[in-house]
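So, here come the structures, one by one.
First chain A sits with chain B, and in the next complex the same chain sits with chain C.
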Partner chain A sequence: MRILKLQKKDLFPLLKVISREAELWAPTAKGDKFAYGRVLDFSRIAMDAVRTIIPPKKIMVPSLFNMFNFTEKGYQEDLSHVTDRILFGIHPCDIHGLLILDKLFSQAYLDPYYLEPRKKTLILGLSCLPDAYCFCKSTHTDIIEEGYDLFFTDLESYFLVWIGSSRGDDLIRLAPDFFDDKLTEKDIQTYTKWQEKRDNAFKTTVNFTRMPDLMELNYKAPFWEEVGAACLACGSCSMVCPTCNCYNVVDKLFLGNKPGKRLRHWDSCTLPEYSEVAGGENFREHKSQRLKLWYTHKLQAYVSKYGKPSCVGCGRCLVTCPVQIHVKSVADALEGHPVEAFWKKFAQEVSK
Partner chain B sequence: MPKDKLKIGIYELTGCAGDALLIVDCEEELVNIFTAASIEAFLMAKSDNRHGELDVALVEGSVSTEKEKEELLDIRKRARVVVAIGGCACVGGPQAAFLDKKEWEKNLKKVYGNIEFSHSRPLQSKPIDAYIKVDCYLPGCPIGKAQFLSTFARMVNGNPPELFRFPVCVECKWHENDCLLNKDILCLGPLTLAGCGSVCPNFNVPCFGCWGPTEEANRTSEYYLLREKGFDTEVIKNRMANYSGTRITEFFEQFRKEKR
Partner chain C sequence: MNGEHKCLAETNPFTPHPARIVRSYHLTKDVKFFQVRFVDMEEALRFDYKPGQFAMLSILGAGEAPFCISSTPSRPGLLEFCIRKMGTVTSALFELKENSFIGLRGPYGNGFPVEEMRDKDILIIEGGMGVAPLRSVLLYSLDNRDQFGRVAVLYGSKRPSEMIFSEEYFALKGRNDLECHLAVDADDTGKWTENIGVVTTLFRHLKKVDPENTFALVCGPPVMYKFVIKELIKLNIPKDQILMTLERRMKCGVGKCGHCAIDYIYTCLDGPVFNYWDVLHMRELI
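On to the complex of A and B.
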């Protein structure tokens, strides 16, 4: 691993050189929020984007896409979403999110629809400062040790650039003149100060080491009924979660002898039909049961399999759930702390 | 694919005929529609309508007269599969919304006076599943072309329809829209069936609920949430009632019970 210095003014010229190699994707403004998109005009890159509405999983597995076209004679795979990409501006939490998806999509059956675009995507991370909803320090996903090709730490007038892979090194070699490999004592001090500033900037914390036990102990806790009663079953928590990966597959047919399409779309275990089986039986008929499953997966089951939670602390569920059922409020309820969330107020209101 | 073409009938009860019109409006696919199946009856599109056995009956509109009720019972007897198409057939439409029996009788008298109905006795408007077993619901006011065509294509190929049962929010997030409800806008996305492609929120317009309610629509929670955001009770009720037909009646009854 090497660390180089890049002056801010040289960022766009660098992106210009490397984007000849592949499509450049980065966060851009969408209303007062942000979304990853292909960038041709670098001034549109939102360098201050704390989080995008949807995590970068959408680049690897689009929300709705065609897996293959089929006729009575056979099928033809459609990998049109697979292309060479450079993903710039991705923060450590979202890189961790991809590392978790890597595990989930390469278990017994390798998933080419995720793994192919993933292989073809270069990860150019960017440092960030947390807002009030970030809690990646609690999930230990605030720093990144693997899973990037280059990582840019923003130190006001210049970047320190970590080279994390040989492919990242290849990118540097396309424009070596932009980089300076002589770091001074002052650079190190500036970086250390920046790290301290970032560490002290977190407002939201969750004690994840307690969560597996608390999930078990609270399995029959009455608050699950409360979250279930308030839940709108809108599925948004899963859609915006960087590690939610469930999908459904449907065949779309057309009239007039056109080939059919086997479509794949994001799904959520919080939706009623998810646990429904043939004959109409539903293993998790109530929202409280479905939410418990969601949180078991995030806070407990993944920990017992991989040694860490499958939550990366990105804060998306905190800013997205209209009734504030999210990792922070559920963790507070699990710990027996007072919960400030709509779902709690709703429970008190309807019990009046 | 089934050997013989499916025999399909398309019927209209009380409604604006918007769903039948939408089928006629599928211009570039009309030839395919009429060649893929044997369209036995479709009053809006053809004159030689036959009233025999059917594989599938597509029924639009709610039941609002005795005669329509008899027609519907007859369709059910003749058809293997009955598909409710559009908000009126699925949930009753605006004409079935939020009126108890006494109120309805009062309104009928107010509009028509004390007259003897010669043609057919009026009934309080209800969705078709108030009288018959419905095998599939194709929602929308009116139904959407893409969803109708793919449902139709599945049926003529011998496959049951496969429709989204989750709310608009799922498709809305697929389009990476910022949640309008979180911006304190009265959006019915969480209560409304998907399948429209979240077309309104994609253009920053809140969901008005035109595809009707999901099975699990949590009106109580959204009602309290909207109250907390400062919306007036009547405004919320009226918006929720627009496309919910008789489904909203159950909600208001349950709501009254909860309030007691």
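On to the complex of A and C.
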């Protein structure tokens, strides 16, 4: 693998050259939060964005899009959401999130609505420093070895740039003069220091190796009822999670001779109508049952299939759930630790 | 730039292929039978299915839903479905005239392990809509009669008027190469000549079962399973030779939408046919 040096002042000129090839998408500020969007003015790129509200899955499969136009003649596939894109500023956890979605959307059957945009998107990763909610070290998703085309590590006055694919290499060739391939002893020291600093900056940890067993043993634990009672069934946790892939499909007709549309939109297993079947029978009527499914998937299911959790430690559920039901508080409950989260207080209030 | 991203229709697993309703008629008041044929012969040849697999049917403007294939691959050409009117998609389907177009994709799911079942005895216990998947395997075993041991059917309906495929099943009673016992929970016609009682009461009419050599196939309304399985365990049929189909909401049929998940199992890929041993290990079902 080749590692090159890029001076900070050369970043925007570089982006300018490579964004001639495709749309550039990056995190930009949205109030005090961040969101991925198309960027024309590079000064709007939020280089310090820790996490975006919605993960980059929205760039591959938008929250709502059309799968087919249909008329009496049949169903015509619509892949108009596919364009060439360059995604800049994506952190290791979110790249791991995409790698997990890659597996889901290509196992057994290939899903072109995810895989086509994915193929057309160049991944330009960017290093980060964790805030209080990040725990990607616990999920082993704090570093990335595959799944990117270029990866930029920010070392104050310059970047170290990893080339991760031949397409990444092609990008470098568009502007070879910006890069320096001679790394000094000092560069290596600076990088090692930076790594140490980052390693020590994590404040949240979750012991994932214990989780599959603890999920099994605690399947009937009373705290699930408390969690279920407090959950608002708003679905936010699924919307913000980089590895949640569930969706629903609805057909829509339009007046006149316009073709109908088969629309696909994000869905969440925390929503009440998710598991209803014929005859109104609902296999997961209670919120506690639905959350158990969510956590089975995050903490247990993927582990038994692929040897790692399908949580990448991005911290989004920690900052998003209005009643603080999230991987950290549920893991604490599973381990029998005291839980400070709102749902626990709610349970105490109610039982008074 | 979008033009070049077109992926071929064949490679898009979600594309419904045009098919025509060749014949349709009521089996009961709210259950209809549909015979369907692909418009494109190549598509028809590509559609290679096993008993117990399902297909996704699209009704223009109404949506898409999963249905078991009730016909048998041993009689190629037409696909048959047995469908109960439930809501949007099924109501729209019920309105369609013969010769209308629908969309069809599949086949999906694991189906019954017919290779494993070779030379074994087959005991089918079905109730209500359970005939939809089990008719396929029943017809398959009759068409390949020499590949299987004994075949026995226990079939229960609520009332005579709600018995699905009644003519077919009464015709089976005339055959001497299989056992067929029929029951209704209650007879409101006064003309019912078979057994009266729930499906489990039919077990006492069953000739002696060789449990190690028997595959029991169960499908019916949720309440039925518990009681039927109790009887099968009493007969000493091994748990992994008791097969059942599970119904879950399905939006894609190909392991993407997540709707059919039970624990870590995707019913559409790993099912819909499961053996009782597997089911015992699905926490959500216990």
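Rule of thumb we're sticking to: the second predicted complex is superposed on the first by the 352 of 352 C-alpha atoms of A that agree within 3 Å, B and C clash if a C-alpha of one lies under 4 Å from a C-alpha of the other, contacts with A are read in each partner's own complex, and residues count from 1 in each chain.
In this text, a residue touches a chain if its C-beta (ideal position, glycine included) is under 8 Å from a C-beta of that chain, and two chains touch if they have at least 3 such contacts.
No experiment lies behind these values; they were computed from the predicted model shown.
Looking at the shared chain after the overlay, A:35 reaches chain B, while chain C stays out of its contact range.
Within the superposed three-chain model, A:53 lies in touch with chain B and out of touch with chain C [touch as defined at top]. When the two complexes are overlaid on their common chain A, residue A:229 makes contact with chain B while staying clear of chain C. Using the contact criterion defined above for the overlaid structures, shared-chain residue A:243 touches neither chain B nor chain C, since it reaches no partner. Of the two partner chains placed around the shared chain by superposition, chain C is the only one that A:68 touches, whereas chain B remains out of contact. After overlaying the two complexes on the shared chain, residue contacts for A:139 are found with neither chain B nor chain C.
Using the contact criterion defined above for the overlaid structures, shared-chain residue A:251 touches chain B and also reaches chain C. Shared contact residues of chain A, touching chain B in one structure and chain C in the other: 250-251, 253. Touching chain A in their complex are the following residues of chain C: 1-2, 5-7, 9, 11-16, 18, 58, 60-64, 84, 86, 101, 103, 222, 247-249, 251-252, 254-259, 261-264, 269, 283-284.
Within the complex, the chain A residues that touch chain C are 67-68, 70, 72, 74-75, 77, 79-80, 82-84, 104-105, 107-113, 116, 120, 219, 245-251, 253, 260, 262, 267, 269, 274-279, 281, 283-284, 289, 293, 296-297, 300-302, 304-305. The residues of chain A lying in touch with chain B in their complex are 30-33, 35, 52-54, 58, 63-64, 229-236, 239-240, 250-256, 265-266, 268, 271-273, 287, 319-320, 322-323, 342, 345-346, 349-350. Residues 29, 32-33, 36, 149-150, 152-154, 156-157, 159, 162, 165-167, 169-170, 173-179, 181-182, 189-191, 204, 214-216, 218, 220-222, 224-225, 228, 258 of chain B are the ones touching chain A in the complex.
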